[in-house]
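In what follows, a structure is listed as structure tokens, so that the remarks can point back to it.
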């Protein structure tokens, strides 16, 4: 492979280190305070040659294959700002990949182009407060086709980064008697300026009401009218397209989580080496802490190998072919990260409870990793059922 | 016993139910927003006969023995506002118990009286940012005796509820060559209006900068001058007095945690019964969730019996005699509560991540239960060393 | 209460200590080797006043209420020979309780009397190799009534202690169209000398084929003919009677498990104190081991309180009324014991793997505690379903 | 690479399947019963081209690089007889590797040759009952050099497979004032026919006293005299040589454990698919069991990637360079295997407790995996200390 992964990661590490003052500002003054700084950092990422690593060169990206992107993603994951700095942050990265593969020329021009340039942001509106995310067929947001337009009504939440977004990709029911239960849904682009598109609130999540990119909105769509050509892909393909983006999406998340876990482990080690316990002892002299460090290192190491293996499988067999590997990493890696974070907080003592370090930020916000994109329980059932099928006689 | 525990708990349950609108306000608008409401609720607690359950009748309290207080404390623990409503909230309850037992007449008149009437609040300043809480001998805040006054200099943090407090009980070094290492410290009352008493900030804890009672301050004492008679107890008795208040203090905490765990379990059950998963199924139809419920119930039940047993031991043998039982519940019950909370969040899915329920509040703030008042690791060592001593030949 | 529990436990401790040479013989030479010694020990138990603690005085027992028996049972549980020495070993204790409560005069005379005197042993044959123990309705052993006799055919296993037993209590289908699904079964006394009663083998369990009391048989009943009057209780009451004996039975097991756990913890402590690691260090100097000791102590303590509480509930409300408490301790205490045993083995290192200590014996044989009398999974579902019912609207 | 790994594993699978009748005989009639059958199976392994996979072609082996051997080792690990059938069983494989690399020509001719041909077996005697395995410097077996001979006295145990062995490799103290603490020990070949070489007993391990290859002996060396030229390598190199063989040895063990875990998982799946629970349900319909299957699959998958990665590291950097990776897999993989086995037993219910399946055999014997070759605690400390060193300033 002609890509120099080490060099890439080295550059990314440089960027991440430069982000540290911004992280402190984020923690102490909130996301609103770093808005203009982030633009500067995005410029810096371009200069370093780290812009849009997931995109083809034609679109200004680095054209990284997924297994290589995975390495980079871990490094970027070390900071809550890493992926954003390089324009490969969720949910935009998913929307970019979706539009790139399935968008019409007009959609690419109007919606994808500005995203890629970093001029706009977007969001994804699927989950609904009154329906279980684990059973998407229960979604009730409705897009009725009238005179070449969709009239959309519904109630969504956990639309991450909706505040400040140019448009939302909305999963809506587009009833069609000729297709099966799973084919009753489509993904439709709804500009946030559309009349009737209402951001009710930024949901307060684990103590943070958030702002802009760092927010999660509750939305209402009240008779929102958008042209039919805003639908991405064919009518009824909503879930099929969503499935396809899941593979890379989960690789990104998992490697980001490993970046978090790795940095938390490093913080733990630094603390263990430097924090005096009095009487000439340091935290490192506590065997229990040492064992946590060993276990965390082992678990992170195993999880990393699993994600890299899954990335290879996605690259070779597609999201569908790599389905089991993807479900495995989804629940396994989230669990590892949260365990490592919990140990890191314990080693940091009172400091770990404060917002003076990133540990609390991650402890709070990444608890969601076991819930979004399918809770652990759904993924375990996917893996188990597929495994059991092999033993049917 | 002439106390009707059931009736007491029933009244407390009434109060807790009345607190629910305030809890929502706390979650959505922050602690500042409920200030005046809280005063009303405190009046209501008085009316219900629930005021100052820990205090002797002479001081206007209910004179509850510790094992009875434990039952009440679980009920009050169901709400973050329960103990405050009844004027038995930490850290005031500890300060009241301390002053009651060891305060001079003047201290009782000037400082204890207003606390008991609920006219003032107080805080406790022991932990220092640069010294390990697990080894209190390393504390460096210094109180030098000069002309009948203490001149105090030091840096403290995690002074809970300092904002708005009338005074702080400060643990400070009062060097005395005639006494041993543990006897170099005294507890001194420092009014927050003392010149040089500086509240640097409310520390942002797990996403909450807090306010008033719901805050944790970083403090500096810069040449604070207070009369020698502000010392509580004899010079050098700081740790000895602190030890004595630990027993009841930990019983209160542990029962409060069980109130949290119990309510989280009940929320889980309600959710499991009412939340549809589509296809005619409810969460309760998931065996994994059922098993979490069974395990949580079992663990809470065992933990409750352990705390009640420890309360009996403290009542019979004092804090010192019940030392092992107290250390056991400190780490065991905190662990149970956090496990139950984690399961509750998982069952609530996205909703569990939001601040629309109390789960996130507790998940964040009660993570500290494994750290404050001695981290798990310290208590486990206390229990193990005492156990091993029995096997020395 | 006029029973002096401390004195009782003290006498039991004396007995248990005297059993230690026999334990070694059991471990090194197998159960067959200690047959005659056991008779001596049983005489000793009588002399000490420990015979048949569960039986009424009329029948020569100590008439201990269940909550008192629980304390004794923990002490006896410290040795694999303890309950047998005092004639309160499973499955005989269950059979005695059954016959005492529901046996006819003739059954009491012919079968119960000799059991109580310790002249015979008995077994219980319920589980079938090809049917799930968790769903007893699937049992297929059939007892057909012909001319005043039952003709029984079936295949059983895990008939503990069958070798050398005088009779088996057999759970068999006694079809009756007038009663419901659960009422199609009866318990019938089948002398092992009955023609057609075949002990196929002692099942090798975790490396032990066992012998006599210490064995678990696979049985076939081939046209075994016994008089109808050998049925215990009314026709179709098989499960109802079985349910009733479960409460005390599980209390006995759980307290026995705590005896095991407690002794394993004490062995761990002794080892930690005495075993040198070289360089002047002992195992006790390993913090990780200390924390295991603290956790084991805490978990045993909590489990003990839970069993004693369940014993009180059974005494007050009967097995049915205490159903949740009983299911809770069944899975919880088994888990605690196995965790404690696992830690004890780890601390003993290579020695823990050998049959030179009791740890391996328990590690192997008590793994079954999570399976027999209903696997963990069944009990968790019992607890959860009962809990959830309280939240139905 | 010119080796066809798939074909190799396919042949090994054929062999393993052919071993199943022997496994049953081993379980029901003990190791002694299968002695002659094993010879036949070894011939079959030769025919299949699976003989001595670890040895160079010159010595009649397959010359497999470690990373390839790892794959094969997992397949062989599926049966307790697999490695033995192919002459790559511990401890002989270690002794062969040791002699191959460090043996003199005479040692190779007299001792290695017959091992390779499968005509003899050997054992390794290091651990001593009264000294901690975790601190080898405390070993006290002494080899005194007198007139060109070593006179050896000592007490060893856990000399696996000593019964029937031709010789033992004995780790003994060879005091040398010119060398450091770790360089006071040598490995010396002691034929078991040497006068004074006493096999006291086969230690009964988890219920099995074992026999022949399947045994673990306690040994005494009473004035055993062997020529100085029986020392392997230079005087004082005992530990250095032992260290070098650890890398491959642990890879073998870990892959063998994964073979066990994988087969246990497959047994679990088969059981879940085929075992009826009555009422039209099968075990697979229990969500809790499904989740165990998913977790086991995930954990085995991660562990396998970790071992293959460690094998690559050993191949590239040697045992010393791969030290952390090796310590990580040692504790991590053992833990995974034991967890998977425990779940498998629970799913098998009563059957899992019997010796009718391999689960009990493994549950009992592989518990030692967390103890031998350095207990978990030692390896975690190795990993932690190395990790912390990177953070020293």
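The letters A, B, C and D name the chains in turn, as written, and every chain counts its residues from 1.
As a working rule, a contact is a pair of C-beta atoms (placed from the backbone, for glycine too) under 8 Å apart; a residue touches a chain by one contact, two chains touch by 3 or more.
Note that this is a predicted model, so its numbers are computed, not measured.
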Which of A-D and B-D has more C-beta contact pairs: A-D
Centre-to-centre distance between subunit D and subunit A (centres being mean Cα positions), rounded to whole Å: 44
Inter-centroid spacing, subunit D versus subunit C (mean Cα positions, whole Å): 37
Distance between chain centroids, defined by C-alpha means - subunit B, subunit D (Å): 53
Overlap residues in subunit C, where contacts from two or more other chains coincide: 286-288, 291, 377
Arrangement of touching chains [line / ring / star / complete / other]: complete
Partner subunit D, residues of subunit A touching it in the complex: 266, 269-270, 272-274, 284, 287, 290-291, 293-295, 297-299, 301-303, 305-306, 309, 327-328, 331-332, 377, 379-385, 387-388, 390-393
Residue ranges of subunit B touching subunit D (in the complex, touch as defined): 286-288, 291
Subunit B residues within the subunit A interface of the complex: 27-28, 127, 129, 131-135, 137-138, 157-158, 203-208, 275-279, 286, 288-289, 345-346, 349-356, 360-361, 363-364, 367-368, 370-372, 375-377
